[in-house]
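Two complexes are shown next, each including chain A; its partner changes from chain B in the first to chain C in the second.
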Partner chain A sequence: MSQFRSKKLDIGGFINARVIRDHTKRKVFEQYEPDRQALRYIIRNTSLPQRVRAQAQLQLSTMHAYTRPTQIKNRCVAGGIARSVFRNFRLARYQFRMQALAGELPGVRKASW
Partner chain B sequence: MSFISPYSCLLRATRSLQLATASRTLSSSSRFRIVADAKFPVVPSSNDKLQPLTQSQRPVESPVKADGNSSVETPVKEWANRLTDINFNTRLPRSVQALYLRPLRRKAEYGLPVCDLQLRSYSVRNLEFFADFAIRAAYYLKLPVSGPVPLPKITERWTFIRSNFVHKKSKENFERITTRRLIQIKDGNPQAVQAWLAFLRKHAFYGIGMKANVWEYESLDVGKNMDDTLPAVEKNLEPHLSRFGRQQTETSPTQKPLSDFLGNERLSLKKGPLVKVRSV
Partner chain C sequence: MATPYSRVLDLVKVQCRVFSMTFNPDRLRLGNKVLRQRLRGPTLAAWYPKKTVSFRDLQDAVKPLGLTTFDEAEDDREEAIQIAKLRGKGRPKKKRTAAESRSAKKKK
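Showing the complex of A and B:
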């Protein structure tokens, strides 16, 4: 959402609308994580009155979608692709192949066994 | 050219001399070429700053004359002899010689492990080299060492489709093999171990990762010692621990009491059956 998006570009690498969106979501989640955890704690704490807990549930559900960790999706650093992105290199398969064949990934070789 | 040191000039002169001596058996045409080569270092001597250089270049001039006159060859022979002497009749310094031999080791007296250093790399050559370096460094720090133990390799493999549509069934495999070596230090002084680790970090080799587990041994009343050191530890930890706690931003609900945070008046006004707050 635009209210969360930074006015200036604050990431490097491959830039794409979707990449920027994902980056914004990560930042928002980081910012609101303590609040979410506090609410989650209240909801689960059985020693608190039921009313308070229900209130906390409502609060949590009304928080913005961008504060949810499930909104975050790993994206390829070099191509912006969201599918088949490998955690070790943060690259999707096509970029990985290209870079590996060019010898840009340290230690990665064509395997045959 | 004015920055040529007399030493480099000398080196150049001797090199040309070597050529001259080697080409004695060759034809006269090749000798001419060498004469021209031998003249080369004379050129910068025209500069005023390089006046003392002409001293060192004197032996160069002699082979030039020697071409025509065979009686003046004796100094040339001396030079050549000296050079061969360096190659055959002298030895390298012991420290340099040791590099060609297996690394020296100290003998462990008690065999208590003090530090485990694990080296990791994708290339075996670099890893072997650096493990060797680490062992030699440990010898000079008087640390008894065991290793390098070759730990099992870590093989990671990835399979990708070569193309995304028709040729989807054709795959390509990539792998990354991490080789590891373990170097264990036995009953060394903890400070010497720290110095060794610092030295290795200072001279870290490219493409090699290091991980060290250091053990310290205490006397039996550990608890008392820990109690004694507690105030100092607390003082050190204070800047870190002070970062924990409540968030100080506007969005943070934790600044206010919980009832305020969760809905404020509505909670207090509407008194339902479940509202009896125990202790918030």
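Showing the complex of A and C:
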């Protein structure tokens, strides 16, 4: 959502609308994570009164969707693709292949036997 | 000889105090596992590479000082636009009013 988006572009590399959206979600989640964890603690603590726990449940479920970690999707930093992204290299398979063959990824070489 | 249960409880109590854990012999669900979890936010937020300084930033920083910079790519672009204009291939004039845009359509 636009109220969370930074006014100035603060990421480098490949940029498109989906990359910016995902980056915004990451930053919003980072900001609200302590609040979410506090609510999660209250909900899971059975020694607290039932009313308090129910209120915490309601509060957590009414928080904005962008504060949820499940909204975050790993995207390729070189192509913006969200499918088949290697977590260790942050690259999708095609960009990974291109960069690996160009020798830009240390320690990666084409298998041959 | 079996150790009495109360003795074991005392030991666990001391252990919990030393290692700052919660003493919970009744095994109630206190939600402490949520508090033990590490925050994932900083690592998740660092996925995309940070913005680096570009030539445009340098230009913006230098301009208020009254200095000028030469951007070759920008210069080439403006030159190409000038050439296109001379050949009559420039961008069409912006229509300011509704009447103007209507008449432009009809001309066909």
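One rule holds in what follows: the second predicted complex is superposed on the first by the 113 of 113 C-alpha atoms of A that agree within 3 Å, B and C clash if a C-alpha of one lies under 4 Å from a C-alpha of the other, contacts with A are read in each partner's own complex, and residues count from 1 in each chain.
Keep in mind that, in the parts below, a contact is a pair of C-beta atoms (placed from the backbone, for glycine too) under 8 Å apart; a residue touches a chain by one contact, two chains touch by 3 or more.
Since the model is a prediction, treat every value here as computed from it, not as a measurement.
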Based on the superposition on chain A, does the combination of chain B and chain C result in a clash or a fit? fit
Applying the touch criterion given at the start, work out whether A:34 contacts chain B, chain C, both or neither, answering first, second, both or neither. both
Taking the superposition on A as described, I'd like to know which of chain B and chain C A:112 touches: first, second, both or neither. first
Should A:13 be classified as contacting the first partner (chain B), the second (chain C), both, or neither? second
Quick one: is A:26 in contact with chain B, with chain C, with both, or with neither? Answer first, second, both or neither. second
State whether A:49 touches chain B only (first), chain C only (second), both chains, or neither. first
Using the touch definition from the top, say if A:96 reaches chain B (first), chain C (second), both or neither. first
With the superposition applied, I'd like the minimum CA-CA separation between chain B and chain C in Å. 12
Common ground on chain A, meaning residues reached by chain C in one complex and by chain B in the other: 31, 34, 42, 47
Enumerate the contact residues on chain A facing chain C in the complex. 9-13, 19, 22-23, 26-27, 29-31, 33-34, 37, 40-47, 69, 72, 74-75, 77, 90
So in the complex, which bits of chain A are touching chain B? 31-32, 34-35, 38, 42, 47-52, 55-56, 59, 86, 88, 93-94, 96-97, 100, 105-113
So, in the complex, the side of chain C touching chain A is made of residues 28-35, 37, 39-42, 44-45, 47-52
Which residues of chain B touch chain A in the complex? 122-123, 156-158, 160-162, 164, 172-178, 207, 247, 251-254, 258-259, 262-263, 267, 272, 274-278, 280
